[in-house]
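Per-chain residue numbering starts at 1, and chain names A, B, C, D and E are given in the order in which the chains are listed.
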Amino acid sequence: MIEPILRLDGVSKQFGGLSALTDVSFSLNEGEVVGLIGPNGAGKTTLVNVVTGNLRRSSGRILFRSEDVGLQKPYQAARRGLARTFQIVQPFPAMTVLENVTAGALFGGGAGSLGDARDMAMESLAFVGLDALADRPAANLALAARKRLELAKSLAMNPRVLMLDEVNAGLNSSEIDGALDLIRRIADRGVTVLIIEHLMKVVLSLSKRLLVLHHGQLIADGPSAEIVADERVIEAYLGAKFAARLKELNHG
Amino acid sequence: MRSGFPLYAAMIAGLLVLATTPLYADNYVVRTAAIVAMYGALATSWNFIGGFTGYPSFSTAAFFGLGAYVGAICQRHGIPMGLAWAIATVVVAAFAALLGGIILRLRGHYFAIGSIAVVELCRLVISSWSSLTGGGDGLNLPLMPWPPEQLMRFFLFVMLAILLASLIATIFVDRSRLGFGLRCIHQNEDAAAMVGINTTAYKIAAYTLSAMFCATAGAAYASWTGYIDPTDSFQIVMTVKVVVMALLGGAGTILGPALGAAAFVLLEELFWANFLDWNRAILGVVIVLLIFFLPGGLLSLGVLRRLRAAKVGGGK
Amino acid sequence: MAEPLLALDGVTSGYGQIQVLWGMDLVVHPGEIVALVGSNGAGKSTLLRTISGQLAPRAGTIRFNGASIGGARPDVVLKAGLAHVPEGRRLFRGLTVRDNLMLGAYLRTDREAIARDLDWVFELFPILRDRQRQDATTLSGGEQQMCAVGRGIMSRPRLLMIDELSLGLSPRMVEHLGEALLALNRAGQTILLVEQDVMTAFELSHRAYIVENGRVARFGASAELARDPTVSEAYLSI
Amino acid sequence: MAIYLQIISNGLMLGALYACLAVGFSLVWGVLNVINMLHGSFIILGGYLTFFAWHLYGIHPVVMLPIVAALMFALGFALQKLVINRVVSAPVLTTLTLTFGLDMILYNAMTYWFTATPRRITLDLGAVDLGSVVLPVDRLIGTALALVLTLLLYGVMRGSSIGRAIVAVRMDRSAAELMGIRTDRIYAITFGIGALMAGVAGVVFATVFPITTNVTGIWLGKAFVVCVVGGLGSVPGALVGGLVLGLVESFAGHWFGPQQAITAGFVLMLVLLVTRPTGLIGVRGYE
Amino acid sequence: QETIKIGAPLALTGGLADEGHKQDVVWKMWVEKVNAAGGIPVGDKKLKVELIEYDYQSEGQRASQLAEKLINDDKVQFLFSPFGSGHTKIVAGVGERYQVPTIACVASSESVYDQTLKYLFGTLSPNGGMTTAMVAFFKEKFPQTKTIAVLGRDDVFPKSMAEGIAKAAEAGGLNVVYKELYPVGTMDHAAALSSIKAAKPDWIYVTGYTQDLILARKQMQDLGVTAPIVTMVTGPSYKEFTEGLGPLANGISSSSWWHHLTSYEGQGVWPTTAAFYEDFKARTKGDPDYVHGSCAAAGEVIVDALARAGSLDKAKVRDAIAATDIQTFYGPIKFGPNGMNLSRELPIIQVQDGTIKVLAPAAIKNADMIAMP
């Protein structure tokens, strides 16, 4: 079989007494779009932080293209092509939208010169449909635009794996539809996407495969359809009412 | 977008004004010009770490003082002056790089305090290491057997050279990916790391740059006065003065710090000549007014805007 | 019909040059749950900030419980009985969950009543009881939201305003919070709710206002709005 | 061994004074996030008030304690409300520079009016001789006062709702507003308390050390070290930091000579800054 | 009408303010007297003297800046260097560069003069004169003296004195049981004093400037640190010391460069020591100390040199000063090759019930040495 692009092997993370991640193991295959769901506090964001080196895993191995990157620094993760977005978006406020993305291209995307970087930046701005706002200061974008900017920045780093931590939280339906389309197009470029989301609508429409975290443990990993029917998942995450709503949607 | 022309023009003009003082003014004016150039270089150096990177560094006096001492010690061991200055520069740069590796992990107020502590610590170490530094005795340097006018002119040009060097370095950094990276760090360090900037390395680079020219200036200053001692070589007041100068001109811009230095030194001279008893207080008032009414520095004034050139790095 | 608890009449507001609200009219009656829905940047949060005194209205009147509170300082508004749970939780770093909750009762002096309300918050959100000694900002997003709502409750407000209840919460958590709000409401708590997830909003509220670009686009009984095809077309496309 | 008892008691007495000197600085730093370069001058100002009251009108320092406290609180409160408040949320560079400028003014004024000549209050209280250890009475009193005042502040911060509000404002200004807290007032009160503590430290110091503008920088430096060693914005932190610094200086002075004493303090500070930026006690809520 | 301009960077504020004001007083006194007499004879005309003073606020860098200002802007022909060896070094450097004769009246450390400055002259005699003699004298008075503890301020003069005394003591067969320097700005001597106490020396020798010494003395008292002989240099030379300490000053011994009890005679505006004493007393109500004496003498050096040079030509004047060999109320003045006044017997003094007594040299002694109370 083909070598997975990212593989976690018995990864754990403690905060003092509290264990945010316990012996988590799974792997992502090149080009896959996988959903990561789980109740609040399950450890989803922590998981991302551990993979990108923002937090140091307490134990376990993290393999990127079968290289152990468990001790890498965030900037190394970025250069390797492990990009992520933040649950709370983090732009360079005083810089223009273009400059924000240029930074991604220049340092993460390995652009040779400022010039190339700007071209790459324009490209990914166009891709996410922000090119119109290129010269606006990032600070006074509305939330939806800021989330797109975050995406454009990650894209400019031409990542191999892209981890999206609730890029859709706070967007309204029409905006979400836009985002969905965008993420699909990203995936079509062959980028492996791990998408963390509470909006099942989003998760289900994007990913064939779901991972479910609960109290820091991976309680399920499999095809979406099965997962949403899984008793433990309903119990731990979806809740009976929502599960019911899903069912009638699938039938109706 | 932005043309460098007004910038260069202003820069050349400024340097020329200083360089020509010996032609028409007496020695004291020339001395003042040299002091302007010196502080200009110090402020411009500070700009790398304080202006571009946004790290509130107060280490200037430490680098200046160390430069002075390294240079002095070398000269006393018979090393020719120029070489001594070079050595001072390199040694202090290395010191800054090492130190940076340690204290640049700190942020905001902690970094500020740490960088101030460095000044105090250097003073204490230098003064208790008598065998090498003469401790509280200070050190005498070989006096230069030149007539005062010539001597003064010489050091004016030396200080101007250092200033010019620091300015060129600034322009270069500003246009390079280093400058861009530093500005990203300034804006949001975590996000900077996220886009693949090796923040540690970049910060150390900035800190080292901010130390080098201070060291050269310090060494030159030592040769100039011919006598240095710990208390006068490591002054917190000097450290803060330099920061104020940079703010006064406009931190993070190319010419701002140097401009601020000139303005500050001249003001100081003025108050000093006219209100001996209160000059310190008046400077205090100037600082307060600056903070309130000119937070962006002189270069945020309409007239001077065009010199502001360096907006967020490399954005062209 | 009884005198409304909160009544806005032609309120305009904004930040610096940016005007955000363009004459909002809105009423909340005692005992109601009223929902505010609308896309990002519509001005929902700005409205709440204006009501709670963080922004001063530039025109229009805000009457609360019979008195005009337009432009009053936040502490005055709060004393009048109007609590605001801000968007993004805004818990106090460095303080334990418990201390955060206690700060909700900053203006109160009735110690034993405060103690009772604290217990009541812990019943609503048991997880908080277990985490009460943890630094509140190290809680997960959902846990933080509970803490924030709890902090709002601790001031014993006549009207509780919650901004973005479900932002970043799991469906189950939203459901749980929803039940908690309903329980609160049954206990007589009047609530003004800003909500992105329109479905949840309509389920929870008696009446709802749809805000667009700083104006009220539609309002009415939530059930009816939910049934209205034009509305579901725009907001309910799951 | 006798000598060590003496060294330790020297260290503890000095340490208590340091704690008292630093606690106000630490509070302002922690809550307003402002490094108050005026702190050293505030201490000396408190000292001058005490000295002249004693020198001109024979008022005993202990009597001056509440008076100085009140005056300094008023000064601090006003200064914050009128001046510092305008930049209170600006980055450290701005606030630090501003307070430095203000300090230049105060410093210059004091040097001009009182001259740099050191002033001294000589109460000649003698010393208690425990054989192996000698404890100067004025220092003992100073130590006691320092401890009492510091603990008093702790009580206020911990127990009173003002204390709680101060912490809330320290963490999130606009959220604190929603709790009904008036942030501008809290800031002014905090800065007032900071100045007050500096002032009373000055009163205590006036009986032990010479009062002169030349030493403002020295005391300010101590405040830095104590804060970092103990941990920011926390009364217990200041207490621990002060005592540790006192002991370190005392022992270093004995073992390596007075030249190394002060150096040791700064080294300790830098080491802690890097290894344990939150100080020995760490940043906590109250305090 | 041309005048003779003398420039003086002075510490009128800051740490050395007291000392600065001493210099200020005497010089003004001297200038008035000279000008009242019509000025200084140079060649065939008499020129008035103008003294230009600036406050350098006890900050070395300012001292040098002001020296430059005095020379360039105010065109002074002479410099009076400020108080202390440290700052004298700084100012002397400037004077040398501009070849302006500089008279140092309060710098006595050889290290100031050992840097081959041709234009620097000092009216104080070398520190050495104050150490060996003192060791000998104390051993004679207190034969049981075996050990000495030395605590010195890490600053040019006090440091050289501390090292000087330690050497002299060892040479004189004493055992140095403690020798440390304390940094400038030390506020708490408890640690050092405790260590000294533990060493139980027969003689405690502390150097520093007045304020350090007052502080040290007080803390010695607090910690019950004492010895048969306690010497503080140069504390008791100043009335600020005795006034600042009151009874605590009693028994403290020291040495000085000059004392008003001496009875020298010679040329200049003050023919005798007594004459100077009277004038000074009349003007300031206080007793003059060596700083006053030495500073006034500096003026006399210039008067004499100008008379012999017969012109204001820098080089001529400089050589004239170098050739100085005069008697004044302050004693003989004759500069050695390094520009320092030649050594002579210096007074050893002690505070006895509140007043300064002279213990030696025999010629002017007015009291016998007592042990510390």
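Heads up, the rule we're going with is that a residue touches a chain if its C-beta (ideal position, glycine included) is under 8 Å from a C-beta of that chain, and two chains touch if they have at least 3 such contacts.
Because the structure is a prediction, the values reported are computed rather than measured.
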Query raised in the report: Through how few touching steps can chain A be joined to chain C?
Result: 1
Report task. Quickly list, by label, the chains bordering both chain C and chain E. Result -> D
Query raised in the report: Count the touching C-beta pairs: is B-E or D-E ahead?
Result: D-E
Query raised in the report: Which integer distance in Å separates the CA centroid of chain C from that of chain D?
Result: 43
Query raised in the report: Where the CA atoms of chain A average out and where those of chain D average out, how many Å apart are those spots?
Result: 49
**Report entry** For chain B paired with chain D, centre-to-centre distance based on mean C-alpha positions, whole Å
**Finding:** 32
Query raised in the report: Hey, what residues on chain C touch two or more of the other chains?
Result: none
Query raised in the report: For chain D, which residues are shared contacts with two or more other chains?
Result: 111-112, 259, 262
Query raised in the report: Where does chain B touch two or more other chains at once, residue-wise?
Result: 124, 127-128
Query raised in the report: Can you name every chain pair that touches?
Result: A-B, A-C, B-D, B-E, C-D, D-E
Report task. Quick one: which bits of chain D touch chain E in the complex? Just the residue numbers, please. Result -> 2-3, 6-7, 10, 14, 111-112, 115-118, 120, 122, 127, 129, 134, 136, 138-139, 209-210, 212, 214-215, 218, 249-254, 257-259, 261-262
Query raised in the report: Given the complex with chain E, which residues does chain B contribute to the contact?
Result: 26-28, 31, 124, 127-128, 130, 135-138, 140, 143, 148, 151, 225-227, 229, 231-232, 235, 276
Report summary line: Residue set of chain B touching chain A in the complex reads 177, 180-181, 183-184, 187-188, 190-199, 312, 314-316
Query - chain A residues touching chain B - in the complex, by the definition given at the top - result: 52, 54, 73-75, 78-79, 84, 86, 90-96, 98-99, 102-104, 106-109, 114, 153, 157
Report summary line: So, in the complex, the side of chain D touching chain C is made of residues 161, 164-165, 167-168, 170-172, 174-182, 283-285
